[in-house]
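Here come two complexes built around chain A, the first alongside chain B, the second alongside chain C.
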Partner chain A sequence: MLTEQSAYSNRWRHVSPVAKGCFSLCGIIAAFAAGSPCTALLIASILASVTVFGAGVPITRYMRVAAPALIFLLASGLSLFLSFSLGASISTISPHIAFSELRGITHTCCRSLTCLTALLFLALTTPLSDIISLLRLCRLPETLLDLMTLCYRTLFVLSEAVHETMTAQTARLGYASFSISLRSLGGLFANLIVQVWQRSLALHLAAQARGNDGSLRFLRNNYNHSCRNISIAATTGCLMIALTIILP
Partner chain B sequence: MTDNILKLENVSYSYPDGTLALQSCSLAIQRNIRTVVLGANGAGKTTLFLHLNGILRPNTGRVCQNNIPLDYSRNGMRALRSRIGLVFQNPDNQLFSASVREDISFGPMNLGLGESIVRDRVENALLTVGMIESADKPVHNLSYGQKKRVCIAGVLAMEPEIIILDEPMAGLDSVMQEELTATLEKLHTAGMTIIIATHDLDFAYGWAEDVIVLKNGHLLANGTPDEVLLQNDVKVTLGATPLVAELTRQLCLIGIDLRDKGYLPRSKSEMLKAITAHTGRERTP
Partner chain C sequence: MHIMEGFLPVKHAIGWSIAAAPFVTYGLYSINKKIKESPEQRMLLGVAAAFTFVLSALKMPSVTGSSSHPTGTGLGAMLFGPAAMAPIGMVVLMFQAILLAHGGLTTLGANIFSMAVVGPFAAAATYRVAKAVRLPFALSVFIAASLADLLTYITTSAQLALAFPDPTGGFVGSLAKFASVFAITQIPIAIIEGLLTVMVFNALARFNPVELRNMKVLTAQESQA
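Moving on to the complex of A and B:
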C-alpha cells in the first residue's frame, strides 16, 4: 500500500486536511483554467514538486503510484489521436490520425495530467480517515461516509484474511496445478463471502455494544496552526490559478 | 450481605437456529469484585455477556442491574451501555475506524458527549492502556495485542462502572498478558467491576475473587477460586485444575505445607515466595 505508507509518513501528515484539500482543489481549478498545454504542464510540475519536495514524498514512490494512471492517460491520449474506421469487411480497416485535433488532444491530456498531480498531492499527503473527515465537513451524505469508513477498515481485515487463507491452501498444495488452483480460488471466494457476512454481524454487535444506533460518529482531529495553514494553502492555490490566467 | 451489581434470574435463550445457549441460568455478579467466567467452548459465556450488555434479550427469565430489571427501550439501552462496557474477543471485529483516536472516540460520541469531554476521555483511555505513543498510527499497522488495547480503550472512554472482557488473553504473548493484567489491576483499583471470560485456569486462580463456571448454558459452580476450581465436577468440565493449586496439594501430601496463616498461594510468584518462606522456617530451629 504505497499510498498508505506515504500518507502516514510524509512531512505534512499533521497539516489540516482542509488546507491540503483546498490546495488540491485550486490545482484542479488551475488545470481547467490553463489556456495552453505548456501552462497546464507548468501547474502539474508545481503540484508534483510541492508533493515531492514540500511534503517529502520520495520521488520513486511518487512515480510508482502515478505510473498506472500515466499509462492509462497515455492510452487514452493515443486512442483520441489514432482511430480506426471499419469498412464493408474486416480487411478494410483503415487508420485515421487526427492531426488537426493534435493541439486539442494535447491540451486535454495536459489538463488531465495536472488534475492527476493535484489528486496525487491529496492522496499521498493525507490518510483516508482525514479525507473522510474533510468530506464530512463538506456535508457529504452520512451513509456514503459510513460506507467509506467501513470499506477502508475492512479492506485491510479482508486482505489479511485472503493472505491467511491462500497460505493455508498453498500449504496443502492448493495451487499445485491449474485445475486445483481454480478449485482453490473458488473455495477462497466462498470462504470470503461467509467471512464478510460473519464480520458484518460482529461489527453490528460491536457497534450496538458501544451505544451506536445510527450513523458512525467520530471525534474530529485537532490540527496545529490550522487557520495559518489553510490561509497559506488558499493563497498559494489562488496564485496558481492567477498564473494560469496571466499566462497564455 | 453481598452487593449484586448484575443478576440473571432463570434466564434461558436460544438462537434462531435452535441452539439453546442459556438454560434457566441464575447467577450474580458482585460490585467491585474481579469475576472470572469459565466454561468449555459453547458453554454460553459469550451469550451471557451479550445478555449483560442488553444486546440479547432473554426468551424467559430476566436480567437485573442493581436489582432493577433491564429497560430494553432505546434510552434504557443507551444508559445501560454507558455503564456496562463489553470488549469482544477479536479486535478486528470491533474496530470501526482506521484511526486509533477516532475509534476510541466512537463510544463517547454515541453517548452524545461534547467534543472537549470526548477529547479528554480519549486521551485518558489512551494513557490507561499505554497506547498514547501509537495513537497516530493506523489501526491496521498495530500488532494484535495493541489492537486489543485499543478495543479496551474504546470501552474505557465510555467510563463504564463494569467492564466485561471476552477472552482478553487469547492470542497474547506472556509480556502482553502481564501488561494487560497490570492494566486490569489499575482499573480494579480505580473501583471498576471487571468480568472476564477465559480458558486460562492459572490466570483465573491467581486473579479472580469470584469464579463462575458454566456448563451447557447453566451455572455449574460459583464461589471463590479455592472453593470452585478444586471441585471434582468442575475439574471434569474444565479438564484440568490450576497448576499452582495442584502443586500445593501434592506438596501438602508429602508434608510440605505452604499455607501462610491459612492463605494458600494462588500464583507462581506467590508459590515461590511461600516455598522460600517454608525453607527458611525449616532451617530455623
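Moving on to the complex of A and C:
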C-alpha cells in the first residue's frame, strides 16, 4: 500500500504521532474555519507543502494517493451543480445547472480538498500502528483498539491469500466470462471466510499459550524531543487556524 | 459508497456522528458480552474486520464494464450479527480513510450510519423476515444482501440531500437528484453483490456447514438439505 510505504519511509517517521495528529487536526479545523475558497486553498497548499517538502514524501507518490480521491471530489462537485425543478407530476422534473450555487459549491469542494490534504498529511507520515497508539492515548475503548490492532495485523496476510487465490483462479480461466467470474469470486470469498475462522482460532491459541487473558497490550514507543515537536506542531497549527480567521 | 472527507458541513458531520454513536456503543457492548462468553470471538471479530476491508478492496465483475467493489455489509451482518457490524464497520471505514484516502475522518459518522448501521440492520431484518415466511435460503440471502446495498445508497443520498438541498426542489429534489445519479452504478452493484453473497453462502453451506451452524446462520435441518 502506497500510504504505508510512505508512512514508514518519510523523514518524520520518528516524530511523535501526537504532534502529527495535532497538526492534522488543526488543518481540519482550519478547513472548516476558512471563510472563502481562496483561504481554504491556501491552507490546502500549506498542508500539501509540509507533507511533500517537510516530511519528504515524493510528490509522485503523493499525487498517486490523492488522485482517486480528487476524481471522486470532482464527480461529487459536478453532481452538486446539477439541479432539478419539480413540476406537478414526476414526468415534469427538469434538470438544469445551478449557476446560482457556484460560490457555495466551490467553497464545499475547496473545504473538502483542504480536509483531504490534512488527512493525507497524517496518513502519509504516520504508520497505522502509531495512529492506534495515539487513539489509545485518546482513551478509545479497549475492544475497539483490539479490533483495530487485529485488523491491521491480519489484513496484509489476507490480502496475500486473496492475491494467491486469484492468480490460481486466473491461471485456470476463472475470470474468463461474467458468470464464471461471479462463481470464482464467490468461491474466493467463501474460502477467505474459512481462513478467517482458522486464522482467528490459531491466533487465539497463540495468545492463550502466551498467557493472554484480556486485551492486547503492546510496548509504547519512545519519541525523541516529543514535547518540543508537539509544541511546534500545536503552534504552527494554531497559526494556520488564525490565518483563516484573519483572511476573508 | 462513501461521503468524501470534509464534504459535509460541520453541523451535519457532528449530527451524524452523534446518530451513529449509540449503535457503535451497543455494538461494543454486545461484542464484550460475546467475548466474555467465548474469548476466541475477540480474534474472530478482529480478523473479520480485516476480511471486510480486503473484501471492499476487491473488484467485482460489472455488466456495464465499469469496475465496482462489494460493501460486504449484508454478508457480515448475516455471519456476525448486525450489532457487531457497527464497530467492525467503524474500524473498516477508518482504515479505508487512512490507508486508501477513501471516505474520511470528518464524515466517519455519516458513513458509519449508512454502511455499518442501516445496511447491516436492513440485511439482518430482511433475512429474518424471509426465513419466517419460508422463502428458499438462496432467495433470502439474495434479497437481504441486495436490499442492504440499496438502503445504504439511499441513506447516503438522503444524507447528501439533507446537507445540500436543491435551490428549487428542496430536499425532495436533491434526494431525487442524488438517488438517480447513483442509481446508474448502485442498482447493478446491489444485484451483483446479492448474487455474489448467494454464491458465498452456497459454497459455505456445501463445504463448511458446521461453521455456519455454529454461527447460527443455518439450522441443522437446513445445512443437511
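Things to note:
Going forward, the second predicted complex is superposed on the first by the 220 of 248 C-alpha atoms of A that agree within 3 Å, B and C clash if a C-alpha of one lies under 4 Å from a C-alpha of the other, contacts with A are read in each partner's own complex, and residues count from 1 in each chain.
In this text, a residue touches a chain if its C-beta (ideal position, glycine included) is under 8 Å from a C-beta of that chain, and two chains touch if they have at least 3 such contacts.
Given the structure is predicted, the values throughout are model-derived calculations rather than measurements.
When both complexes are overlaid on chain A, the residue A:Thr149 reaches chain B and chain C alike. Judged by the touch definition given at the top, the superposed model places A:Tyr8 against chain B, while chain C stays out of reach.
When the shared chain is aligned, no partner comes close enough to touch A:Phe53: not chain B, not chain C.
By the document's definition of touching, of the two partners only chain B reaches A:Arg217; chain C does not. For chain A, the partner touching the most residues, choosing from chain B and chain C, is C.
With both structures placed on the common chain, the touch criterion links A:Ser76 to chain C but leaves chain B unconnected. Touch criterion met: A:Leu128 reaches chain B and chain C at once.
Counting contacts as defined above, chain A residues 4, 128, 149-150, 152, 157, 199, 203, 207 meet chain B in one complex and chain C in the other. Looking at the complex, you find that chain A touches chain B at residues 4, 8, 13-14, 127-129, 149-150, 152-153, 156-157, 160, 199, 202-203, 205-213, 216-222.
Those residues of chain B whose C-beta lies close enough to touch chain A in the complex are 50, 53, 55, 74, 77-78, 81-82, 85-86, 88, 90, 92-99, 101-103, 105-111, 115, 118-119, 122, 136-141, 154-155, 158.
For chain C in complex with chain A, the residues that touch the partner chain are 4-7, 9-10, 28, 31-32, 35, 39-40, 42-51, 53-55, 57-58, 60-61, 63, 75, 79, 87-88, 90-92, 94-95, 97-102, 104-106, 164, 166-169, 172-174, 176-178, 181, 192, 195-196, 198-204, 207-208, 211. Those residues of chain A that touch chain C in the complex are listed here as 1, 3-4, 28, 31-32, 65-66, 68-69, 72-73, 76, 79-80, 82-86, 93, 95, 98, 100-101, 108, 111-116, 119-120, 122-123, 128, 131, 141, 143-144, 146-152, 154-155, 157-159, 162, 175, 178, 181-183, 185-187, 189-194, 196-197, 199-201, 203-204, 207.
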